[in-house]
């Protein structure tokens, strides 16, 4: 009866605006299989929720992601 | 001092695009009353946050919700 | 296919150490019914996860809960 | 290796539609510094995720935020 | 820069009290690889947090997990 | 009406078993002041919830934290 929440920055994907529906489907089946294989969890009761987070809303190293990347080039 | 987070798929409601403001208000009062009645929690310090999740971002049974529904018809 | 997370402070209940199993069961049925009644959600795919949070880990008004209560008496 | 999630209502900011990118950057550096100063956490592995929540999706006192404010004026 | 939260019921594992450290390590590498393979995410900045939830704190079908299992046998 | 969740690994602090109550109080006042100063948020309705996560439940770089540290020495 697992619940998995995956948060990624909204970027990349086929048109640069975030993961495609197909990529999200791959994450869903991938993590569901993982929980089945490692812990025997039933896929029928495994929930996966994906959140895309705008770049300005994600910080690391004390900076918004895009500023952080400029400084670590 | 409870904090409640309710995640639902973005669908249904009066125009098919998700719960209406009125339905959300019903969820807010309903869960606030529940915590008051069962645990004596003070409504003034009960927070409720509702998130609508796009269908392609929610997986169950190893599939995005819409694919899952087609297969379980 | 809702997912509900309820966070409460670890206190109260029959022995002062937090909600009893019975009180938690009342929260689970109450919020599941609420989502069914307001949004037509299927109880079979409604998940509810309850977290008890130690008092020193919950802050309000800039203070841990217990300090806050002393000051607002 | 902290992870911090900050949820605020989507309002205020320079044009009334929520915090500006600059304000979010101030939150990110502020909370990263706080964790470094209090617990010695490494800023390089401190993640901060900010979520703006629409007003109708946030409840307090059993009411959506805007209704609650009218009643407590 | 993904953040993944995996919630499972506290049960199973080698001694029935929840996943072992080794099983958790398999979840961590598995989901990190998945995000690398599907979205090209850098493992060095992929965080995974696992939460074990006591059975009485997890509800489905309007019942705590253990009651739900008895009824669906 | 902000809600802030701070997750840190359970380590450090005065006896090596995690942040002390006093350090948590510093996090609570610090983040509450930050939200007041940057966004004008009312401390009275600012909630802060701290979670300590066991080391084996936190992964980075595809490894549990402790393994990761050994490899990056």
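Think of it as A, B, C, D, E and F in the order they're written, each chain with its own count starting at 1.
Going forward, contacts are C-beta pairs under 8 Å (C-beta built on N, C-alpha and C of every residue); 3 or more make two chains touch, one makes a residue touch a chain.
Given the structure is predicted, the values throughout are model-derived calculations rather than measurements.
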Once the contact rule is applied, which chains count as partners of both chain B and chain D? A, F
Of B-F and E-F, the pair with more C-beta contacts is E-F
CA centroids of chain D and chain E: separation to the nearest Å works out as 27
Distance from chain E to chain A - Cα centre to Cα centre, in angstrom: 15
Where chain B and chain E are represented by their mean Cα positions, the distance between them in whole Å: 22
Which positions in chain D touch two or more other chains at once? 1, 3, 7, 27, 45, 47, 49, 58, 60
What pairs of chains are touching here? A-B, A-C, A-D, A-E, B-C, B-D, B-F, C-E, C-F, D-E, D-F, E-F
Which residues of chain B touch chain A once you look at their complex with the stated criterion? 7, 53, 56-64, 67
Residue numbers of chain B touching chain C in their complex, please. 1-9, 12-13, 19, 23, 26-27, 30-31, 34-35, 38-41, 45, 58, 60, 65
Which residues of chain E touch chain F in the complex? 21, 24-25, 27-29, 32-33, 43-52
In the complex, the residues of chain E that touch chain D are 1, 3, 47, 49
